[in-house]
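Next come two complexes, and both contain chain A; in the first it sits with chain B, in the second with chain C.
Showing the complex of A and B:
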């Protein structure tokens, strides 16, 4: 302790302290932020519906109405189904934080149990798409090649060919799907949240949805050929050609031509 | 004197060649050729060496690429494509990427080299423009270089369309749209280009022939002409003491520049390879084989075509008219043909425009400092600004997502900026140039501030200025500043209207646009007067120095005695 005390006025002391403080903060955050939202399907019981009703009344009813009948700017949830609740709540989009062009994904506000209960309550209000089973969203069971073709025809015009996302009108956007969990991808297709169209089982069969999930999963294997520069295509490549390529070459040219006569 | 075997062998070879071709004279002259030294003269070399890399890697790629649109089913190792129907061009690109040893590296080397080739051409062109290196006798070489820029665009466009992926296919679809927008002959031209209805099965083989034969052949020939003209005209040099339009100050080609350029070539090769080995480029396996139905978000061309994409994105779509059953697509024609046509015409014709406005016939071998040609510099910045706005507009969706802004607002902002920003850039650049010229003038007349304020015996305060040395003076006074040309009056002495007056008046207007705002360079008389004034100061200081040196301590807040001259930079 004495050795530390003797060095407390050392020049590097603030830096060391800062590093330590950051480590502690990071550690604490990591410990609390690991609540993941895995898709597990548990049979709904009346208890769940009742618990969900209470959660709904406490957290959602102020906008969606006490009976989920909807208000101005908040749609009715009768008939949207458990899948919709699962997507919106497990990705943190609901409860909505601010009135933005579209609800942003953020760390989920409810745990798995509470999400399931909310879903059970909303599903009890009227029939709608259900939360998929684990089997339905298992990337290993899908065909990535078929998924690639389906993705290109149905998804890439908004989410881009790589799935990295793209812009929509008036500040709305199609988010990146590269790190979205399979059940959320499935429920998004089934319910068409926000600007997204609904891809019901007539448009894309459950098997085709699983193929798409398999294709997106295949993207995670890493990019052949090196750094992917955020997968934003030629604009990113051009920018780096100037920053890295021309930047370094001009630096070399300055070095070579330094001894000006 | 002893000679090694190697020396004897090389001497013998040289002698053999010299006796049969007389090449010794050429080698001697060439080796002694003097080139001036400046880093910005190496920018063109970056383009040249990138082109060498393009040729080498391109030859490798042709060994494996199959320029055919025959439909096949993919059977290679890339799982997400198993069994997918695609053209042979796309399948062979996948084979190059995943099966041919070193194929992906070569593809990436080729593509990065292409991006750098175009970047180097543009930066080199900017250097030539802003330093006035295109003036007589080099106007023709400017046109050659400008043609090389266009050919570079053509090479890039024909090249990135070859893999027949969705992204480049979207680009071809846009090309098809642009061709069809040409009035009257549009649809016939489209059928002619694609060999039938888009996309047909002819376009990839046709682009291939253009890309590996016609365009590179032309580029190679024009590079030869470009370099020949550089040697013929001798290289320009930056202004500085001892440099005139009649000499070239620098080092000989051999050994200095052979070593420097040779070394730089390897730096360029190395950097391109390093980028290709570590950074992914054009991952066609993400985009998938071309199919006319899907269009993906974030579909953009390579950076050098991005201004066209931006131009199309900015144009409001309502400007399509149907006249007597025929469609006039101004919404495509204006952004894809008229706007780039205007910008490029101004750029290509600039040397002639400037020569016309100046009315000068003499040769220029000493470069201009950009500040000494305010209108040219301002116009250059304005053109670059317009291009840059179009490039940004081409990436408007990425700006929207990455900076969380509304796509519509960005598009409107760029629509306005495209017209406003170049004018503003022109005005502000010109003002900055004129300001710098005034500052130069001031510096020449008064010298460097020495931060020494001296009180003379009779109570007067003067600031001591350190006069500029000869080198500094040369740079600041030794340039030409053309005046607007004078024209003869509209009527002669008998009151008869003069022929050619109208043309002269246009020329006068152009000349005024260029040279009406000007700062007169310091003349010899002005300099002599300023020197005399400074000498007067010095005399005062010498005479009364002892009395003035001691300032009261509490007053000398900003006073330091005998401080080094502050630099003007």
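Showing the complex of A and C:
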């Protein structure tokens, strides 16, 4: 301790402190940002529906209405199906945090059990898409090549060819799908949350949805070229070229032109 | 050439400066550390040698990496190969570059030198001689009186660009048949098929809020003579099918119970328009942000596009599958000169 105290006025002390602070911040963020979300098979029972009804009344009814009939700013949930509840609640989009252009993903507010019960309750109100089984969303069982062709036609215009997402209008955007849990990808396609259109089982069969999940999973290895710069296209790449690339060139020019000491 | 301590340079500049401004001349020469301290000079030498050594290591590294890390099949092995090859190349080039610059800056002599620019104007004798030569040549050729030769030369020079320009212009497009831009593969009774899975679409299966990417029946590799015609036809015939709540539709013409089909080719410059926002019924073009309102006949609500997307009129056949009732009512895609009817 004494040795450290003696060196606190050292020329490089601020640099060391800054690096330490950054490391601590990064570590804390990483610890909080990790979320665990696993695809689960939903088995409904009357108990679940009853428990879900209570959860709904306590957490959702203020906007969606006591019987999920919908209000001015919140849609009716009759017939949206368990898949919709799974997607919205397991990705933390619902309950909504603030009245924003779109509900953003955040750490889920309900555990797996409560999500399942809410889904069971909403599913009991009217028929809708169900939560897929683990088998239906297993990337290992899909064909990534077929998934790529389907992704390019159906998904890439909004989520970008890389899956990194892109902008829509008025502050809305298509989020990145690269780190989305497979069951959430499946339920998003099946229900069409927010601005996203619906891709039902006629448009994309369950097997085709699994192919798309396999394609997205195959992107996790990264790009062979190395740094992908966010994969958002020419904007990110141009920024690097101008700021980093040209900055280095200017620094070299200044160095070459400066007099040697 | 003269060095900065000769007075000639200062005098020359002062004569051209506005009054009251005195040319400060070059700053006094400051010796570098290496000029006075042999130790520092030795250190600079060692740094340069080390940079060149780094370049040597980089070159050897590239050769080692080439054999040690073949690109292989997996993404991670390609990443590894690229990274080590790249690092080696960076060191082998940067080592030479930085070493050479450091050598020039810290070891080579750093006395500023002034090189005067000589006047650009030739001497009066040279100019007069040149004019004389030109006049002699013109008189000798007799261009003023031999009008046939003059005409021949001008004609020959005028025709000279044609052998280059004609093939260039002729090859633009190579095909002046514009009538094919007016029609697509869609006919009365053509079934709507999903792209790329090529399945017919039952109207009852299209739920509200759905989007289906559609190609015409017959647009399939097995049914067309070549891949080229497949791409040509697909580029014109692609359609985006959307189902809205029927109450949201402003015109029901050409629609079937809330199902509407529009050309996917933007009327601005022909990008595929397919970013559909389910809640606002807006369709966005990814290239220049043209926005079309699907609920209102795909008319333009924002962006550089000038015309609504052409609508494909649809209905269902006896089996309940969606079919077209006609081709698009107008040419699809961006404007072209002959588009005006």
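The working rule: the second predicted complex is superposed on the first by the 223 of 261 C-alpha atoms of A that agree within 3 Å, B and C clash if a C-alpha of one lies under 4 Å from a C-alpha of the other, contacts with A are read in each partner's own complex, and residues count from 1 in each chain.
One rule holds in what follows: contacts are C-beta pairs under 8 Å (C-beta built on N, C-alpha and C of every residue); 3 or more make two chains touch, one makes a residue touch a chain.
None of the values given here were measured: they were computed from a predicted structure.
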{"item": "Touching partner for A:195 - first (chain B), second (chain C), both, neither", "value": "second"}
{"item": "Partner chain in contact with A:168 - chain B first, chain C second, else both or neither", "value": "both"}
{"item": "Which superposed partner A:241 touches (first chain B, second chain C, both, neither)", "value": "first"}
{"item": "Touching partner for A:101 - first (chain B), second (chain C), both, neither", "value": "first"}
{"item": "Touched partner set for A:203, first chain B, second chain C, both or neither", "value": "second"}
{"item": "Chain B versus chain C as contact partner of A:222, first or second or both or neither", "value": "second"}
{"item": "Touching partner for A:153 - first (chain B), second (chain C), both, neither", "value": "both"}
{"item": "Chain B or chain C, by number of chain A residues touched", "value": "B"}
{"item": "Which superposed partner A:20 touches (first chain B, second chain C, both, neither)", "value": "neither"}
{"item": "Touched partner set for A:127, first chain B, second chain C, both or neither", "value": "neither"}
{"item": "Those residues of chain A which chain B touches in one complex and chain C touches in the other", "value": "149, 153, 157-158, 166, 168-169, 174, 223-226, 255-256, 259-261"}
{"item": "Sites on chain A touched by chain C in the complex", "value": "149-150, 153-154, 157-158, 166, 168-169, 172, 174, 192, 194-200, 202-203, 208, 221-226, 255-256, 259-261"}
{"item": "Chain A contact footprint on chain C (complex, rising order)", "value": "30, 32-34, 74-76, 78-79, 82-83, 86, 101, 105-106, 110, 194-197, 201-202, 205-213, 242, 272, 274-280, 282, 284, 286, 291, 302"}
{"item": "Of all residues in chain A, those that touch chain B in their complex", "value": "101, 144-145, 147-149, 152-153, 156-162, 164-171, 173-174, 215, 218-219, 223-229, 231-235, 237-242, 244-246, 248-250, 252-261"}
{"item": "Residues on chain B engaged by chain A in the complex (per definition of touch)", "value": "36-43, 45-46, 79-84, 97-98, 104, 108, 111-112, 115-116, 119-120, 123, 166-167, 249-251, 260, 263-264, 267-268, 271-272, 275, 277-283, 285-288, 291, 293-304, 306, 394-398, 400-401, 404-409"}
